[in-house]
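Below you'll find a set of structures to go through.
The same chain A turns up in both complexes below, where it pairs with chain B and then with chain C.
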Partner chain A sequence: MSRRYDSRTTIFSPEGRLYQVEYAMEAIGHAGTCLGILASDGIVLAAEKRNTNKLLDEISFSEKIYKLHDDMACSVAGITSDANVLTNQLRLFAQRHLLQYGEPIPCEQLVATLCDIKQAYTQFGGKRPFGVSILYVGWDKHHGFQLYQSDPSGNYGGWKATCIGNNSSAAVSMLKQEYKEGETNLKQALDLSIKVLSKTLDTNKLTADKVEIATLTRENNVTCIRILPTSEMEALVKKFEEEEAKAEAEKKKDKPSS
Partner chain B sequence: MECLLGIKGRDFVLMASDCVVSAHGIVAMKKDHDKMFKMTDSLVMSVIGHGGDDVQFAEYIAKNIQLYRMRNGYNLSTKEAATFTRRNLADYLRSNTPYSVHLLIGGFDREEGASLYYMDYLATSTKVPFAVHGYGAYFTLSTMDRYYHDDMTQKEALHLLQRCIDEINTRFVINMPTYKIRIVDKDGIHDLDDMKPTGSGGSQGPESMLG
Partner chain C sequence: MSIMSYNGGAIMAMRGKDCVAIAADRRFGIQAQTVSMDFDKIFEMGPRLYIGLAGLATDIQTVSERLKFRVNLYELRENRRIKPKTLLSVVSNLLYERRFGPYFIEPVIAGIDPLTLEPYVASCDLIGCPMVAKDFAVSGTCSEQMYGMCESLWVEDMTPDQLFEAISQALMNSVDRDALSGWGAIVHIIERDRVTTKTLKTRMD
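For the complex of A and B:
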């Protein structure tokens, strides 16, 4: 192909493509899945844990979910060390805004500010782009609950439900079919996220220790960002397995007639 | 020599400023100058200061607030604008080029309702029910203390303002013939007719005038 045009980020190929950016997105396609679903009363952020080695020490808050400020959190898919640099920047922007204006930074502003940084790495400086896609969940007084996704090119979009990482396209098409706008509450969103993740996971079976789920809700005018404890995770997985078994049984019953 | 007043009512802020521009300490250049600046459709800043700092700072803040609006599609709330203004004052204070200004910020937004902020050149900032800057403060704050109460109507606030202006006219040596007044409420910024001191002294109050 046009190999001459892909080693530097700052060059267009003759077809008008930026290969380095595309290769970065390719790297993310192999990373652990993350998905986000907007509900009427909150947002669900679910992520596949890849570091399930028993020898690993306990993580303080979470492995893949980062708290950005009191009203926003994010999850990443891609190169973890790149992600750490970006989440640090996000936290810095958020605090700077709080210092300047005395109020939390609105969600879209934070996303857009970071995306401007990401875009710079695709245009000048001679450095490679960040190999990270990020899913942001947050609440602000202007637009309520919001879900955003950004990628290495510096583009971002607001979503009702989306997925990044391994098997993300399969997940997105599943979400397209199953997600019901305006009719999904947090509980349904949690069930849906388990259902979608079970299809996208590499391994055969979905267990509570392979997945991390966080919810963002508002209680008494305060935002609550909560990682689900293992007990709740296990309950959700169990519920999902029971429903699957029921659906299988229904199918078997219908079979003789067809 | 200059005077700024602000009174927060039930769901509005009443802002008043004198209109004199002086030169060399003794010459009255102009007696109909407007010292208030519109920041957004529901935010007003009145400012006094030396050597052009007042206009320079007010325009700088106003343009930045407008830029925020252009970039994001929504306005800063009163609290955010006040924090931003104070942060700028504080940063410049410890530089080689501090701004020597006193200001009042009055605004209305959906969450907080009406709010009035008092700020000075040392980057003091506080939310207050009423405030006065300048020598006029020495003559009027006690009047405000005596007659201000929460949830004042526009009529009551204008009445109180008239008392204050009359007191300044009675006892302050500098002549300040008119005051520009504006009200900020949920419907935006409203310019009212200039207020002038009545013949009677402030302590008696213009009872008959406003009924």
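For the complex of A and C:
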């Protein structure tokens, strides 16, 4: 029955739903996982790399993590071509703000501006919505470190830790249990992101080449957006595996053998 | 009254051996009245790339901001630092877009290519005609004096210290012969691994 209401974005269904928007979110649920964790001294952004074909040529900066301006970066889940269009728009907005006001755009304003554009595609024009959810990490002088998430409906929210893409609900519930507000520093956030990603990845084992991690920190009043090199990634994965092995051994010790 | 001499100013850039230097006076004046002695006319567009703008002060500020807009987007999209000669093309394009209502500025670019590490000095006229120089580039209300001083003092393959002396003497003596330029000077010496900035105390008149 709902078939009648899903071909055009500009109509509601009788139950008050926008099917095109929901279908767009479906598309994102199949995309590579991205998660963000806010720490006291920085933010971690981790993304699952799906394009691990050996024939693919080396990518310049990153496959899923985009720098937006000096103080903000984002990661996307969904249709990559839609994501490229949106990140280009985000970069233009940020520069126009800088040109007009002489200071960097506050994080929430940039997110809200893009979300207004995304919302327009759900109300008029007859074009389909963008099939991308975006996680934004940034710093501004008003609110410090911030993490935002936006989706195809144009809705956005500020988060302490969140996840988008494949198995995101499992990741979010894990983060809800493990994230300690006010007590997490960058190192702990990195460890936690590896732990959560290893549970949500499709493949059995987490390796450094399947994941991309970026951190945003402030050093000497300058924002530093850094993609972790493979060596650091491998060290983190190794540390995680050692802790897992230890936890397994502890469990075995506690259980008396029958 | 010429628009280019409403605010006054002087910019000079020189090429040395594996280094470049760019210098400017610091006066901001409105015709005969001096308003400020710490007006910046040289702007950083990259770790070893500077552009100096001479001419109408409002256009100096507007063009530097619009140029930074374009350079920021370039660096985000290309994911690398802009080369000096590409910056020259961007400036030339920006200025020619206003061919029939131009920005009243004449830019001077000095920098070191991020990959080849070659020193680079270039300038443009107010509608974007690019001119790459192998020795020096000057622009401002005392450009004739600056051409004379540079021609006399510039030699090929100067070391950073020699280059600093040459550009400082050339700029100082040129602006001292110009009523609308002076009130201090700032010099940036750009080498492969560092940039040194020095301020000069000139005749404060």
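Definition applied: the second predicted complex is superposed on the first by the 255 of 258 C-alpha atoms of A that agree within 3 Å, B and C clash if a C-alpha of one lies under 4 Å from a C-alpha of the other, contacts with A are read in each partner's own complex, and residues count from 1 in each chain.
Here is the rule we use: a residue touches a chain if its C-beta (ideal position, glycine included) is under 8 Å from a C-beta of that chain, and two chains touch if they have at least 3 such contacts.
For clarity, every value in this text was computed on a predicted model and none was experimentally measured.
When the shared chain is aligned, no partner comes close enough to touch A:Ala245: not chain B, not chain C. After overlaying the two complexes on the shared chain, residue contacts for A:Pro106 are found with chain B alone; chain C is out of touch. In the superposed model, A:Ala235 makes contact with neither chain B nor chain C.
With both structures placed on the common chain, the touch criterion links A:Val85 to neither chain B nor chain C. Once the two complexes are overlaid on the shared chain, A:Val222 sits clear of chain B and of chain C alike. In the superposed model, A:His142 makes contact with chain B only, not with chain C. Of the residues of chain A, those at positions 99, 102 touch chain B in one of the two structures and chain C in the other.
The residues of chain A lying in touch with chain B in their complex are 99-103, 106, 108-109, 141-142. Chain contact summary for the complex, chain B toward chain A: residues 72, 74, 76-77, 79-80, 82-84, 87, 111. For chain A in complex with chain C, the touching residues are 60-61, 67-69, 88, 91-92, 95-96, 98-99, 102. Residues 65-66, 68-69, 72-73, 76-77, 79-80 of chain C are the ones that touch chain A when the two sit in their complex.
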